[in-house]
Amino acid sequence: MDYKTVLTVCPYCGCGCGMYLEVMDGKVIGTLPSMNHPISEGSLCIKGWNAHEPVHSQKRLTKPFMRKDGKLTEASWDEAIDKVAGELTRIRDQYGPNSLAVLTSAKCTNEENYLLMKLTRAVLGTNNIDHCARL
Amino acid sequence: MEELKKKVKQALEEGKIHGFLGLKADEGEVSPFFVTKDNIAELEKLTAPDGRYSIGKILSHIAVRNPGKVIGVMVRGCDERAIIELTKASQLGTASITQFGVACTPQTAEKCNCPQPYPSQIDFGEKAPGVVPNELLAKVEQMSVEDRLAFWMSQFDKCIKCYGCRNICPVCYCKECTLEDQNLVPGGIVPPATPVFHFIKAMHMADRCIDCGLCEATCPMNIPLRTIYRHMRKAMQELFDYVPGKAATDKSPLGVLEEGGRLIH
Amino acid sequence: MSADNSFEPTIIGFLCNWCSYAGADLAGGSRKKYAANVLPIRVMCSGTVSPHHIVKAFQMGADGVLVTGCHIGECHYLKGNYMTAKRIPVVKELLGFMGISPDRLMLDWVSASEGEKFARVVTEFSEKIRSLGPSPLKGRAHGRVKEESKASA
């Protein structure tokens, strides 16, 4: 019998609307706008209202998948990371960093987009990064 | 407030209630919170602020997951009306609710434009008079039919289809919502099919709206939704002498298969 | 909104299967002459006509909506038409408040033997809609005002 609200900031877009995640018995079950927030003033857009949905979604992948013999099969984290890191490094060393590009998404959180941006610029060494909403 | 905190603490310690839902103030941030014997110290932060949340809705979420338990809740005028409507619709499961009534100050009542800023039983606070509804309802009622359409369409064209009005409404509880029906409100179009979207919500609110004003408070585009629902409440009262949120034993004429109200012919 | 002589109203008619639709059939069978502006939709009971159907009809461009059912006390499902009788005034209130003339929605009771009444109701209602003019929601496909009419926005 445990319910609490956790004050946080919406992970989508640059507005920074204040919201509360409703946590019931350890699971995130809903979102409330922060009614006296100086920026959002108690409003949220449809993405903000549904920010809690992806947390416990059944549709989330829990294991990496790799294409083997043309079919997507489950792989281990080590296998997947080795493959991705190995290939990206090979292509970067062979063709130069600007042969790589990264496409992120408005469905990723701001934090994820920030990490991808850092990875692309600092690690891959290119500024070829874009976002479906051109953020 | 100290009196109320003591009362609630006692009820929790004596096992009269298994948990208590209220509003807390944490460094200026007001939010709903739930207290059980395990975190009874949190009770210190209990407050009855200007800001409000959909307490009725949160209560129904907790109640449904805790059948048979006794849940205490801090209710203000609007919260009590919401709980009455939710009780009518069997949205509180088998949990029983113990209400701790808090009357709002005249300032809060003014801010919320509230018709009844006090619950039926007051454990804290002084009863303040209800506030006269803002003039928008009267203004629209005096407009010509063409002006009304122009007014409402210009308002509805602002809608960004955030579903905030539906999500925050304490008496909106349907698991499958008509507003998400693809035949009536096709997806991928903003503003949503006007005026269908707002028409549907208003029809559903006609015999449910408790005039808390949360819909208007949360609308990012400041659409005067409350005015429409207030008109519908008025219509229901005139046609059927039915007022939502008054008594849990009342039944909405639109929901009962029997004669009622004014029949044509 | 002035009605010109060439405006032919489009009226959606929700006719209950047991009484009104049969009444409409009788009107046709008896070769009654009446306005051809009503597009009939047969429903099992006038009580199944939801406010959603009515507003959708207006949204799709109907100039008027006619709902007909069995007389009170004669409903095939006993009390279905009580629901209609309670519901339609509420829908009219909302239509009127939003700026769509409540006269564009009409409820009447037509029994299976009232072919003549059906013809009369349809003709009178069509005339009323003709004088009211085209629905103000016409041309607002998906709720967006067509660009031309937004000139002074």
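Which chain is which? They are A, B and C, in the order written, and residues in each are numbered from 1.
Operating definition for what follows: contacts are C-beta pairs under 8 Å (C-beta built on N, C-alpha and C of every residue); 3 or more make two chains touch, one makes a residue touch a chain.
If you're wondering where the values come from, they're calculated on a predicted model, not measured in any experiment.
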Exercise. Pick the chain whose C-alpha centre of mass, unweighted, sits closest to the average of all protein C-alpha coordinates shown.
Key: B
Quiz item: In terms of CA centroid distance, which chain is the most far removed from subunit A?
Solution: C
Quiz prompt | Distance from subunit C to subunit B - Cα centre to Cα centre, in angstrom | solution = 34
Self-check item: Distance from the mean Cα position of subunit C to that of subunit A, given in whole angstrom
Solution: 51
Quiz prompt | Residues of subunit B defined as touching subunit A within the complex | solution = 18-19, 21, 26, 29-34, 36, 38, 50-54, 58, 61-62, 65-66, 69, 160-164, 167-168, 217-220
Quiz item: Given the complex with subunit B, which residues does subunit A contribute to the contact?
Solution: 1-5, 7, 20, 22, 24-25, 29-30, 32-36, 42-46, 48-49
Quiz item: For the complex, which residues does subunit B have touching subunit C?
Solution: 140-141, 145-153, 156-157, 178, 183-184, 186, 189, 191-200, 202-203, 206, 228, 231-232, 235-236, 239-240, 253-254, 257-265
Self-check item: subunit C residues touching subunit B - in the complex, by the definition given at the top
Solution: 1, 51-52, 55-56, 59, 71-72, 79, 82-83, 85-91, 93-94, 96-101, 107-109, 136-137, 140, 142-145
